[in-house]
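Both complexes shown next keep chain A, but they swap its partner, so chain B is in the first and chain C is in the second.
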Partner chain A sequence: MSGFRSHLGRLNDEQISFSFNGQSLSARIGDTVASALLANGIEVVGRSFKYHRPRGVNSCGAEESGALVSIGIGAEQEPNVRATMQLVTEGMQVSSQNCWPSPQFDLLAINNFVGSLFPSSPLAAGFYYKTFMWPAKFWYKLYEPAIRRAAGMGKVPDQADKAAYDRINSFYDIAIIGGGAAGLSAALSAAQSGLRIVLMDEHAILGGQLLHLPKQQQDLEQWRQNTIASLIAADNVTILTNTVCWGRFDGNTLAAHEVVDGKVRHNFHKIHAEKIIIATGAIERPLVFTNNDKPGVMLASGARKFLNHYGVAAGRQMVLFTNNDSAYKTAFDYHDQGLPVTAIIDSRESRSEHLFEACQQRGIPVHQNSVVTKAKGWHGVRSVQVAEFKDDGTLGASHDITCDLVAHSGGWSPQVQMASHGGTPPIYDEQITAFVVDQQAADTWSVGAAQGEFGLQAGIKQAMVAAQAACQALACQGGAVLIPTEDINGELNIEPLWSAPAPSKQKNKQFVDIQHDVTTADIGLAHKEGFISVEHMKRYTTLGMANDQGRTANVNALAMMAGHLEQGIAVTGTTRFRPPIAPVSLGSIAGREVGEHVRPLRRTPMQEWHERQGAVFVEAGLFRRPQYYPIGNAGNETLDQAYVREAAHVRAKVGLCDVSSLGKIEIVGPDSAIFLDRIYVNLFSSLPVNKARYGIMLREDGHIYDDGTTSRLADDRYFMTTTTAKAGAVLSHLERCLEIDWPELQVRVSSVSERWAAMAVAGPQSRATLQLAFPEMDFSQAALPFMGLAHGEYQGIPLRILRVSFSGELAYEVYVQADHGEQVWQHIMAMGQSYDIIPYGLEALGTLRIEKGHVTGAELDGRVTLADVNMQRMASKKKWFVGQNLMQREGLQDPKRPCLVGLKAVDPQQAIPTGAILVNENKLVTGCDKQGWVSSMTYSPALDSFIALGFLTAGQERIGETIYAAYPLQGQHIPVEVVSSHFYDPDNTRVKDQ
Partner chain B sequence: MTSALAQHFNLPQSFADLTIAEVTGHKMWQLEGITEIGAHITALTGMPVPEIGHFAQDGDQILVWQGRDRYFWLTPKASLPEVNDIYITDQTASKTQIRISGDQARALLARGLPVDLDSEMLAVGEVRMTHINHLNVMLLRLPDKEGKPTFELWVMRGFAVSLMSFLTTVAASLA
Partner chain C sequence: MLRIKCPYCGVREHTEFTYGEDANRSLPDPDASLDNWNNYVFARQNVAGEHLEYWQHTLGCRAWLKVQRDTVTHEITWTGLPHETPPQQKGAST
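After this line comes the complex of A and B, so read on.
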């Protein structure tokens, strides 16, 4: 094919430059990569998916399956771009795909020739299901990488994409998909209602197939321009060009992908529409013949648009091959531009006399009852073999015709994907030999060529009626649209031809799906091997997938399968379309949720202080909590060194820990006490004001749900704390209980988690520290005993101080309004200097609580009961509580259930891995009984040994036994002594008695 | 006193046709009751009780519907008297208020909020409980400021930096 710029079409004369495989080329503003490559005489754009055959531009729109290119370089590179859909911009770098060293000479083209050595191609459909089976160890390391390298498309860049993508929510009364004549008409009619209208089209310029017409057809060109101008002038109309609507979802939600030329690369529009008008038009179907994939074989409509819109002749000598009337216009336009049309090959018996006369007037020879049996040439078409097509389907005499462009048309396929997404099944229409939408779904109208109406005036009228109906359904009135005086006849007079017979004894391929190298032989193989359902055929052959989503291949393939099955196409049916129907960048789906915005970070009021101190953080839900505070130069102190140091320091002196992430819930109302008695296993109605109590709540199934302290602020007001992990879930649980289970209770619950900064002051010097920090308050044992609550102020800032301890030391929790959190924290740190205060992190907090035997999320994992953690005595017998009934179940009462124990390494310096299995045997052997598991582990500076908490079958009866913690992943088998879970200060003297 | 955003952003930030600011300096009281409390609320605040999905405004005070028999009252009043049948909880600083004003306010918010921001669908005085970029937020449509559409997002204090980072990043690409 030797394309060239014959005139300007609708483009202006302004030139820009771009490169293709490093070669500098020129284009005009408005050119697509495809039109620019054709204008520069480029034939071979890349190589095909499996066979590495030369491929060029074979259409002019979204259906392009041959000219896939990579745009840009480095992190900005975008692979698999359809050259027909990508506008050229100044300096754009375009490169070929799937070829090495060049598209002209590709070493892997050997794949194409290997097939001719065998009865059927080794790369035929399903070859990867049948080959590369042995040895199994080669699958992952050899076969898959080799196949991936040989097959496929462009390369995804391995650098991070720096481009920005947006996701945009928008709301309209009527969404119109498609900006051809029908879509424009629907939009203009609907616009007159004053409703909010959005019109989307995947191309840069509105007009659809009106752009295929010569600009000289003044009436229709003027109609197009006037209609667009009216829409632009309407305040209530949003026009989105370069925007493909790629999916329709429940509730009339549409997903659309917009290519943007600006600071943002792509937009993902999530469009909520009351009504939808589908005006997506139709796609021309290819004819299938031998070597129909060669550069130079192009859909007739594509060749026409290239000529009339872009001013690019797709070749210098055309042969037109058709089975319907529509393609003749392409031949006429080329001829009228002074471009030779050597012959029209028409497979039909009958002919349309007006077209035949027009050919005679132009001197274009027409070969009736003939087919192109083969395109000849390697890098591009150089001639075609034409043969008589007999009534019995066989071929007669043949001859060759020289040409470099085969424009072909096998009919038109309405674009029914959007209707199909909405649940409306397409049905086969014998008259146009294509699938159409049978019925209008609720809130949706399908109009114009998308509905199989190919006539211009009829399509416009249909669109206008639909728009008016949509407006009426929204209690508004759509307007009238001026109908152009010039019409385009929509009669195809088509005689189906699903594939031209191949020349005898030749193995050359006839492609059904050009993008995936699926041939007529593959369809036959699928039939032979039993993949006769259309869904099976699609998956077995990989037909109809990838960029073009079967726009050109589906109907031909279904018809071929119907032929093999000797049944009608309607009976054979079609696959259901699924989103996306067009390529969508992953960036647009991610939107701004990249980098730090992948998920939000929840900061405590003291987060900035921790960051300034060089704390090392660990993820805890959406929080990043300080894990430890290394001392010395950054990185000098390891995690293990730091947490041991911090924990030992708290035991010896005093430490400060940020516990703001705890859930905090305010419970108010006259029935609050009754409510809490039902929620917790223990009594809270008896709790005096200004006292706190540790509580455990169960799920209805009798397992522990969460724990924490709740303090009583007034007779009818409580302050509950929950674990960090369960904060939201517990609030929801409380609300559910109140709304559904006990609506009679006069109680309200609300989250105050964000209201309070919280900090734990722990260690023997905690009282002295706080007394110094807040001298107006009394922290004596008498004034603030264990589990007491005190209120105070610091510089007018209200304080709420609880004397509770998670560490096992004398300890307090200080609560203060979040905006003052850092101020109070710094004040305590400053006052605590006299007592050598340090901040301590989550790791040391864990050490302290494990030494003390306190359970946390690692133990309360949703599978354990009160008895499992040796807290069955907490359950009050004076009242009913959630979970009480089902905790009595036989399975939960089994004395052999694993229960909480302490584990001490026999070798104190040997770590006990968390998650290790507890076994009796001194080595892991097949059939040995799992006795339990290790839930938490730490090195205890207080005991100078590794210790752990775990669950052990009948554990309380086994104190003193030596068992083994097995961790087969690391080949560890560690002897441990079963001890009480209260490793440290089991009598609570440090907590209570100071 | 340090707001959640103070150490991270110089506010307000201005972009072309857009200003993003933090609103601070008042108390946020949660007022709720067990039964019908409208009359008590009005007696306490001096403001009419807003309908579901609305807020009432009186000068620098706003009374925002929060759910059944629950309101947020933003007022300069540092303390409130006890009122029968109303439970008062100080929620000051629990939420960060981000005010967005300008001709591109809707364009910015549409890049995250699944809410119809059209004037007829979200009128001045209306409030929506919704989400943006995985964060639960409350959206208030305030009276236009100097003829420019104005909105407020209320977000949990702990997420304020994440949300503001998101908003300013997107706003910069709109400019």
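After this line comes the complex of A and C, so read on.
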């Protein structure tokens, strides 16, 4: 038992209950987990990251590096919550982390003593890099799991997170980060301009360090309450509490994380502000001494806020250890509440007379020019060892002072992260022994303690001036703020003490980064081993890389490294600040875009029909396309059975396939023909109206970009189709060419992909099926020959029917307004019944096209040329087209380039894995020459064999050879015969001549 | 988050736009030498500083835009249509 509730502070006496490690405890509304645990006398909250040392609450805010807890249980559990930032709610379940069986008695605390058994501690800096190096296979099986069990923070729940998260975009004229005295003043001044203002603060209650003051300091308490009341009353001001602004990005964009008590756990705010005022304040820096991590060692400002705001005494007997003036107020407040302050240990040679007198009046002994060399106690602090500096700078004899609370202060560090994001490096200010950002970024102002101005009235004035400047920059006028009559002196009179000398011949640890268990010895080791750049030191020791981001650790560590290097702190510099500055839940960044909502789903007009039919779907970009339609209930027919059946059926009778996902672009204008001649390698100006042509377009670098069928609707109007995957990119490419390269062409392009449903009717009975379905149209060879386009209608709905074939059978593509897609689809299915029509999926579509040697994205992967797919003859010599020049590069003309061939398994029942490497060697050996690769594979019902398409070096000269498809991952080595890629009906008689 | 002023739609977030390409180049003649074409397609200045580039307002009006952006600070100093030029071009963007 150490802390206790001494009075109410600013809370009221309404009680709530919560549990800690299963033990039921009481709290008051407004308590944080930290203040409630202290009020209940809990000293040890959890165990540390590496050494499993007992840790307790050591601050009152975002800088907390000791009391990390898990909130909730099961799927609801949230690990690594700072007890100082989490408000207690009724029934909340709080548990300790990184200890077993309990924080009081933790078996892995042995890690703390292991160090003394070895010359250099296995858990010291860089141990990850030095230890467990050999044998390699032990790493995954033995070392890593053991380390993971031993070292770590809270556990991530193994169930899916049920909590909801929201993302909120908002726009303001002025954003103010931080709701302390400076932030409140800036907000109140700016509010009077009428501009849209947002004020963010990471705590539940506005006021910043004003909340550290006793409520009895009435002038300032009244000023705080009045200011907040005015802001709440102003309808142009949005106040976000429990909201930490964690990053400042380009274009004055701020990212903020709001902890919400309700159905949603966290909100992610993306805020754009014209002007930004940074009033993030400063945090107190710890003093470094032996065992400074023990529960009961606490920043003086923390001890003060617990007492004055929450009414909780952080201990029963305080020793104050400081190197500056600011901490004395903590001792005075405790004393004035009737709580004993045994001694003030002040490391400075000189003293501030007014404070010294105040101590004398209160009867508090002051030990000048002295340091705490060690905190003692088994779990919590029970005494400190104190020694005075002698004239030669060494320590004199030490003596012990009894206490259970060591309030300490090593000065103050302005919170410069926000000012520094974007790349402005902080610079060292000797006066306050801390880093500040002195060069302001455009449209931002940094004010108050965040800028190193620690005086209250001066900070308020600075904030007001900044707010007025921000308003003026937006052509408005900010107002005045009432300056409180009472001031807080910001003079620290600090004399730096970066670490207290360790008691002689003792190896006890002095912590610099408490959360990551980084000690002064680790910094020394980093220096000794050459990791002297601050960025290297940080990564080698992991200092500042825990979830407090080294708020309390960084400056001390830099100063220590500067000491080792015997150079100034300013020269040593600081590490770069990067977002996020505070823990941000991944859930808040994902927002509602989880599960099915990760990406939008594009649906074709016939999607519901496919679903009713029991189709099995496969992802194709944002579409989910039918892969196959199993007969009977799902599971009765496998994918392999279904696609072979469907493909064979199309060759024998007729099938219907949804091809609505194709990109469709309408090209309109008098120069359309000229435009398409430049875009495609082949001629489109010569294409007659109501005819279609297969086209290929290249990139400027001479490789194939995309292919598709384009038909001419009128002299000045074309209808282009693209592959599903490239639909968006091709449209952008066309728009780019028209707007940048050839603005003189009178052409407009528009995507009509969503306007048209498209379905392929394929098979020997396709003509009969369509003739029956649309009796008013003429599907005869004479009326609608191969590559012809016919217009018609069905029940008043316009139809476009193209006679094109991807399957190699007599086939048509039917285009109809999207709204009527399902209606026309069902009509064709109904009429086709007489001819035994079936729907077929993407897998059968693939089989049919591979049998014909037609290429798709698997072949046109962005690395192949026209010649590579044996289509060099398509390139027109009568005109220029995109890619024509660089297509002729030497490298792309090399006859040894792999080119498209067909591959037939020597054993027809042996599959040829897609992605297999083609080699000459007849067995699996390493180091053989790669001759090519397999791009697509299927079982062909027409050939009763596994067949594949692939690319083979000088492939066209090697037809008839036997080579090998090697797939070492599965130990496969399959003999294949090189054949023409036109496996089936090479002369296209089934397509054309019927 | 960059903020780009589309001449048609006003200031919008960069998530609505797609970066296109370097705008300090123009299409060579069809019969230009292979070297010229090679330079056009592959050679870039990789400027650290003010730079002209094409962006497309893909999730807006779909216009292609010319944007003057500092590649070091990300500051956007001018936005126009592809055939406009910024009022005063500084040395870096050649």
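Methods note: the second predicted complex is superposed on the first by the 982 of 994 C-alpha atoms of A that agree within 3 Å, B and C clash if a C-alpha of one lies under 4 Å from a C-alpha of the other, contacts with A are read in each partner's own complex, and residues count from 1 in each chain.
The rule is simple: contacts are C-beta pairs under 8 Å (C-beta built on N, C-alpha and C of every residue); 3 or more make two chains touch, one makes a residue touch a chain.
The shown structure was predicted, so the numbers you read here are calculated from the model rather than taken from an experiment.
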First, second, both or neither for A:Pro626, with chain B first and chain C second = neither
Request  = Give one of first, second, both or neither to describe whether A:Gly247 is in contact with chain B, with chain C, with both, or with none.
outcome  = neither
Inquiry  = Looking at A:Gln884, would you say it contacts chain B, chain C, both, or neither? Reply first, second, both or neither.
reply    = second
Task = Return the chain, chain B or chain C, that is in touch with more residues of chain A.
result = B
Query = In the superposed arrangement, which partner chain does A:Gly841 touch: chain B (first), chain C (second), both, or neither?
reply = neither
Message = Is A:His272 touching anything from chain B or chain C once the two structures are fitted on A? First, second, both or neither.
response = both
Ask   = Looking at the overlay, does A:Gly302 come into contact with chain B only (first), chain C only (second), both, or neither?
value = neither
Ask   = Which partner does A:Gly832 reach: the first (chain B), the second (chain C), both, or neither?
value = neither
Request  = For chain A, give the residues common to its interface with chain B and its interface with chain C.
outcome  = 270, 272
Key: chain C-touching residues of chain A, taken from the complex the two chains share   = 249-251, 253, 270, 272, 442, 700-701, 728, 732, 735-736, 739-741, 743, 880, 884-886, 888-889
Key: Contact set on chain A toward chain B in their complex   = 164, 166-171, 196, 263-264, 270, 272, 591-593, 596-597, 599-605, 608, 622-623, 666, 668-670, 716-717, 746-748, 750, 752-755, 817-820, 822-823
Note = chain C contacts chain A in the complex at 1-3, 13-14, 18, 20, 27-28, 30, 32, 34, 37-38, 40-42, 54, 56, 58, 62-64, 74-75, 82-83
Key: Touching residues (chain side chain B, partner chain A) in the complex   = 1-4, 7, 30, 32-35, 69-70, 87, 89-95, 110-116, 118, 121, 133-135, 156-163, 165-166, 169-170, 172-173
